[in-house]
Amino acid sequence: MKIGILKETRKGEKRVSLSPIIAKQFISKGFEVFIEEDAGLNSSYKNSDFKNIGAAIEKRGVVFKESDILLKINPFDEDDLKLVNKGQVLISQLYHKSNTKLIEAIASKNATAFSLDAMPRISRAQDMDVLSSQNNLAGYKAVILGAYEMTKIFPLMMTAAGTITPSKVLVYGVGVAGLQAIATAKRLGAVVEATDIRSETKEQTESLGAKFISVKNEGEESQGGYAKEASDGYAERQKAAVNKSLFQADLVVTTANIPGRKAPILITEDQVLQMKNGAVIIDLAAAQGGNCEVSKLNKTVIKNGVKVIGTTIAPESVSTNASELFAKNIFNFIIHLTKDGVFQWDLEEEITDETLIVKDGIIRKK
Amino acid sequence: MSVLLSVIYLIATVTFVLGLNKLGHPETAKKGNLIAAFGMGLAIIGTVFIHDLEVPTIIYVLIGAAIAIGSIIGWLIAVKVEMTKMPELVSLFNGFGGASATLIGLVEFSKNVDNTMQATTIVSGIIIGGITFSGSLIAWGKLNGSLKSVIKLPQHNVINNLFFIAVIALAIFMISTGVYNPILLYGLLIGGLVYGILFVLPIGGADMPVVISLLNSLTGIAAAITGILYNNMVMLVGGILVGSAGIILTIAMCKAMNRTLTSVIFGSFTASKDISGTNKTLGSIKNATASDTAIMMNYASNVVIVPGYGLAVAQAQHVIHELEEILTGKGVNVKYAIHPVAGRMPGHMNVLLAESNVDYSILVEMEDINPHFNNTDVVLVVGANDVVNPAAHNDASSPIYGMPILDVENAKHIVVNKRSMNAGYAGIENELFYNSKTSMLFGDAKAALTELVGELKNM
Amino acid sequence: MNQLLEFIKDNIQITYILILSIFVGVEVIKSIPAVLHTPLMSGANALSGVVIVGAILVMLHSDPNDFIALTLGFLAVVLGILNVVGGFAVTHRMLQMFKKKK
Amino acid sequence: MKIGILKETRKGEKRVSLSPIIAKQFISKGFEVFIEEDAGLNSSYKNSDFKNIGAAIEKRGVVFKESDILLKINPFDEDDLKLVNKGQVLISQLYHKSNTKLIEAIASKNATAFSLDAMPRISRAQDMDVLSSQNNLAGYKAVILGAYEMTKIFPLMMTAAGTITPSKVLVYGVGVAGLQAIATAKRLGAVVEATDIRSETKEQTESLGAKFISVKNEGEESQGGYAKEASDGYAERQKAAVNKSLFQADLVVTTANIPGRKAPILITEDQVLQMKNGAVIIDLAAAQGGNCEVSKLNKTVIKNGVKVIGTTIAPESVSTNASELFAKNIFNFIIHLTKDGVFQWDLEEEITDETLIVKDGIIRKK
Amino acid sequence: MSVLLSVIYLIATVTFVLGLNKLGHPETAKKGNLIAAFGMGLAIIGTVFIHDLEVPTIIYVLIGAAIAIGSIIGWLIAVKVEMTKMPELVSLFNGFGGASATLIGLVEFSKNVDNTMQATTIVSGIIIGGITFSGSLIAWGKLNGSLKSVIKLPQHNVINNLFFIAVIALAIFMISTGVYNPILLYGLLIGGLVYGILFVLPIGGADMPVVISLLNSLTGIAAAITGILYNNMVMLVGGILVGSAGIILTIAMCKAMNRTLTSVIFGSFTASKDISGTNKTLGSIKNATASDTAIMMNYASNVVIVPGYGLAVAQAQHVIHELEEILTGKGVNVKYAIHPVAGRMPGHMNVLLAESNVDYSILVEMEDINPHFNNTDVVLVVGANDVVNPAAHNDASSPIYGMPILDVENAKHIVVNKRSMNAGYAGIENELFYNSKTSMLFGDAKAALTELVGELKNM
Amino acid sequence: MNQLLEFIKDNIQITYILILSIFVGVEVIKSIPAVLHTPLMSGANALSGVVIVGAILVMLHSDPNDFIALTLGFLAVVLGILNVVGGFAVTHRMLQMFKKKK
């Protein structure tokens, strides 16, 4: 079977969906690998790195023409779709719930499409879960970005020229990204606090040595390990509990999401106005509308001396690692779906069922 | 008594003390056992040959035959029996010792009851010997499985105590009246035997070692009493040593099991412990103490530590590093097995162990360590659960089925530290805990590891 | 009570020996690691076989014709030596576990 | 006595020579403090912060006119000098050895000038030593900058999507900045190595848990705790010892300086060409000519996929802390020089002697 | 002997054993002392009143007077003497005990020398008593400073040993020939006294405690020998207890000082130790062991830890945190005093202690902690030197003059851990180490702190 | 040697008492913290004052006219009790140090 790797076309995207190491693993399993020219350059993989392990470097058109499976990280766009042929299998993050047009376009091409973001969060799917692997890096990079943007340093330092107090970091949302943000800020010596709507995250926060700010949760906000939308009452209680820390914070990282919905607003403009001069907010939920009222995606907004940075680009900026992990997820996924180089189409099986959005032009999930 | 025999007995006594002392330290225990055995041999040979009695050859032959038969049988049993059957063997041997004391008493009763003093010693020897004999046999039966159920009469405690008082009353009556009636004596003997049975029957199997230790201590006292009868120092001192050391040991064993002596003996009727270790389908679990674990690790060549979420919750990363350093310092080869999803975030264990400066080179990924477990003496699982759950391999209905796990079952011993039998993230039972190679070291990871480190330092 | 005091007076040295032995027994054992509990119990058990000395004395003092005494004595010796030899041997085997592997 | 704080005029400079806290300390000691309007803005001190503690906010001209002492971080420039009056005391980093023109200009104004960079490095001067306090922050920020620029993350992570190996960091020069760089990289989980010409730095490196690369030093390269210029032989031996680590490094931080001279070239272009694709070099010595042959001050040069960033701006980018520490140094210095609000002019005393470059128009040091 | 007295002696003996046992643990030591004292009182009262001799009143009066005088004097001395003079007092009292044994021997010699056995006991009692008496007095003189110099004859060892052999030979001659000549006896007495002097004279002041312990053990033996003479159990057992415990204690004290018993007794002529602790102008230093330090800290209310560059070099940050946690757990209030230039880079100590998760709130800056030292029981300086060097205050010529330092001198006790007497960064001597409140805990910080933690855990 | 053996035989119980006492002394002391060395030494010193019992016996058995014996005995009692009382008192004072401060 032939796997085609497309160069990402989205602006600012530096990742690639396959790394040389994983490409080699595919080849040793009997797959053929086609890489679009310069696809890996921004992740510091040269064309020669791929060539050396036996993959073919090809022009875009050739990759589309030759491949059985087409791989991308970001959703296929109109330009891509023009080149897709009947029967090809497309794999990427499709966000099918919000991208109905795209799904219909794929179906109209009589192609098949798997969406990686639809991966069920069950134990055995963990090694195929790109959300986890990418959010993890996002959490790390968000803190590095914050440290870079701040005019203060993180650690406590008692020096001959006086004492530098440790920076205070506040993390909203203790999911995958939030935990890694906590861990990274902690490592750098900051005083870290965090809050989340799911009460089990208290112990997790503390397991990283940080402090958890508990907000009374009336039990209705969490569901099967995921957050539901918070009630108004909860939002008020959260503000009351967190404000003191927020107004003293030097860095705030927000990661709160509700699957399939707009991200909740956790920091209003009014709150931003009461924050410390020089504070920085990194809003990792910006692509889902943002956790901070004033944040704009991929923009830095300065309000009352507070820098609000709306971003999702965090994993892109650690493209090498991000691509490696993404590639490994993809590899595990494709190996799971196939047997001896042929798709099994076991539609009873949970992972296949949940991720298979379009099969041979028929839309299975909406 | 001749000078020589006096000196021999003195030497034997000294070997007993030294032997017991050395038995208390792992490094010297073997030597201690040999020293005491040597002293015992000396005392036996001395007793047989050094005296100024006119003894007919036939008696010598009989003694020789008895010693030869007993030695050979004892040796064979001891060498042949499986390692796991040793505790019950100790119980059996102990019973024999008690029986021997009883028999001596019976013979002496027929010959030498001149005064209250002698009567008292003989009678108490017979009763105590009887209790140990029957009690030990019951304990033996319980341990080797032939006596399975815990048998309790209604109001067992009350009956027990009344019975015991009755036997004592009878003994006192006999001694004080001076009516040394053999029938009464056999009555007492039977009384002792019955009480031994009554005493041990209701006690649960897990408490047997404590009971054996207690009975063992009683045998020592029986020997000492016989020593008073013969004014024989080695018996007296040796017996008392065993008696007092045995009591202390019994108490120590109770402590190690988190029980009191009274709760073992009388409490057998009350509820079982908090941490229930029995599961209808999976069987029962084995508890380990910190010092069990410490000894196991101290004498291992390869140890693998499996950290999990509980390590992070307990914030025990510094202690585990200390443990690793101590073991390494003792020449043990230590590695950490890092499961890719241990903890609650990717790289959770890495963050944790980097904080305590664990060397990157001894953190081993799952795929690389799995083949290595065959070769591992002890695996210490600290606050991990799902990542070592064999259900991932065996149980297609399990939510973690298909997830790769750390194959710790392949190691020679597995010690699991967690606070309770509670499940982990996936919320499922873990049959690893019921594996015969597994022992559970219950407690918060930080506290338990600190204790473990303490024990290892003292070795 | 009085009798006890009399006994103590008459056997004052024996009493000292008794009490000192108890102290030695207690002191020798205190604070040993739990893993040694079983071997130690086993070793102490072997030591309690010192009753064999009494059993031998019974036989030595027996009239060769006193069949009952001889039989009982014989049995006592067999049981006693079983306790001794078996006890030490089992202890030794248990302690093999503590050999440092290479 | 009146102290005037000038707004820094150098491009990119965000610091200010006094913080509100220290200003307050001056005032409580009987000094009057004049702050040029908006001088603290980039260090997140508002005018009102100064006003609240009793300092006067004034226009530039007023500050020059009123003050007995004029404070700056960077050397006074021509524009400044126009406004300086006879008898005024100027305090800043003058780099008098390389700035002869400036010194002459000050002298011609009949002013007095102390240079902070001339501070003797003796124990009791540690709390006035701005080089130490600023280099320390530079070391921290260099690593944060590196982490931000890299496409890899620092720590080792074993995850469901594969293992991320830890980044390798190499530090040249284990002075104040180098040590802090080591500590920061170590905290973030990198594998850190360092080298220096002074052999006592081996123990210091190891005291931070990093590995030292020893280069045979023939004893002639170090002098009174400071580095001398290295011999050619040393440079060769250094390359031989370090190259293996250099070619595997993900981040290189160079901090090597020789007081009063051009910084030594430690990484040649040839070496850069052999480095890993995607590696980053932060050259903190760029202002002194750079430790890397290809580095340019305040520029990012990409060579063979290696990003070479020439910078001194590191402390400027943590302006809040940098200003605080600088201010504390200045405070200690002025308190040391004065008694009851009057200069003591104790020229025998080592600190005064070494730092007093121009006294009443007479040049004391060249 | 009456039943009652027998029982009393028995009880006294038991109190001696229990008392000694309890004296070995900080928590119970006081109780142990009281128990033993109670037993001793019982034995004395029993001896005076319970017997069937016809004793004239005058004798009772004399005994009463002697006891009253001795008690009052002993009590007054013990209560009045300064804390620092206690060891010499122990030596003095011990000498009295020896003298008492000698005197008893002298009286008995004139009355009761019937057989070899008695002669042997009396003669050995006199010699041993004499040695302890004169030896203890010399030790006392050395400790209180009246005997300053170490006096050595040429070939002192050889002379000592020859002399001792001569005394023993004389004693054997006298006993074996049965010529119980008082002149010979006084010769032996003088021999013992002279030997005691010869024995102690050449030993250095620092080794005195070991010598006292040894002499103390000898006094016990003298008492036991006297006990054999009277067939008195409490003297016999009590004396032997002191004798054997004393020997073990002596060896333990040698070990704690890193010396062997022989090197103390004979090695007094060889070179002194590696870590030289004397400085012409600054005086001499005091060594502390880990357990000294542990006890000091265990019973402190406020402890301040001063970390320095050496902590970083030893990478002992995790152990120091463990120490802090243990102390906190024991209710001790622990703080870290962070000097602004401790270590080799700004914030060095912060980085270090953050790594081991020390809470930021107990890191205190120099200015804030300095006023607090008055109130501090123990300061533990770990691998710091310049930052606690009082020369910064006192010595205008010092390169660090004018640098603010941590005023640890104001604390009640200071313990300094470093590897040697080497200087720090500034390369200068530190008079703090010679302060009378300071003890030096030599060793690598990680090793020393680990030992300290171990000791604290056992308390 | 023979004499020693004879002695042991004649005083076998005393011998046991001696040996057991030695064991008790050794076992009781082993592994005590160094800081307790001095108080323990002091306590043991007080115990060695048990020789006072002998001194009292000397006096009790003395003829009221035997001036020398009485004087020596008197001295022996004074010195012995000094050892006892002073010893325990000093030990007690040393041990005050171990009181937990509040």
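A few comments on the model shown:
As written, the chain order gives the labels A, B, C, D, E and F, with residue 1 at the start of each chain.
One rule holds in what follows: a contact is a pair of C-beta atoms (placed from the backbone, for glycine too) under 8 Å apart; a residue touches a chain by one contact, two chains touch by 3 or more.
This is a predicted model, so every value here is computed, not measured.
Steps from subunit E to subunit F, taking the shortest chain of touch contacts, total 1. With centres defined by CA atoms alone, the chain at the far end from subunit A is F. Look at where the CA atoms of subunit C average out and do the same for subunit D: the two points lie 81 Å apart. Look at where the CA atoms of subunit D average out and do the same for subunit F: the two points lie 74 Å apart.
Chain centres here are Cα means. That of subunit B falls 18 Å from that of subunit C.
Annotation: 56 Å between the Cα-based centres of subunit D and subunit E. In subunit A, the residues that touch at least two other chains are 126-127, 132-133, 136, 155, 157, 159-162, 164, 187, 189, 209.
For subunit E, residues that reach two or more other chains under the stated contact definition are 17, 21, 233, 237, 315, 340-341, 346-347, 351, 354-355, 357. Subunit C has residues 13-14, 16-17, 20-21, 23-24, 27-28 in contact with two or more other chains.
Inter-chain contacts occur between A-B, A-D, A-E, B-C, B-D, B-E, B-F, C-E, C-F, D-E, E-F. Listing the residues of subunit B that touch subunit C in their complex gives 16-17, 19-21, 23-27, 29-30, 32-34, 36-37, 40, 43-44, 47-48, 51, 53, 55-56, 58-59, 62-63, 65-67, 69-71, 73-75, 77-79, 81, 83, 86-87, 89-90, 92-94, 96-97, 99-101, 103-104, 106-108, 110-111, 117, 209, 212-213, 216-217, 219-220, 222-223, 226-230, 232-246, 248-249, 252-253, 256, 289-292, 294-296, 299-301, 377, 455, 458-459.
Within the complex formed with subunit E, the subunit C residues making contact are 5-6, 8-9, 12-13, 15-16, 19-20, 23, 27.
Note for the complex: subunit D touches subunit B at residues 155-164, 166, 189, 191, 209. Residues 7, 14, 17-18, 21-26, 28-62, 64, 68-70, 72-102 of subunit C are the ones touching subunit B in the complex.
Subunit F makes touch with subunit C in their complex at residues 13-14, 16-17, 20-21, 23-24, 27-28.
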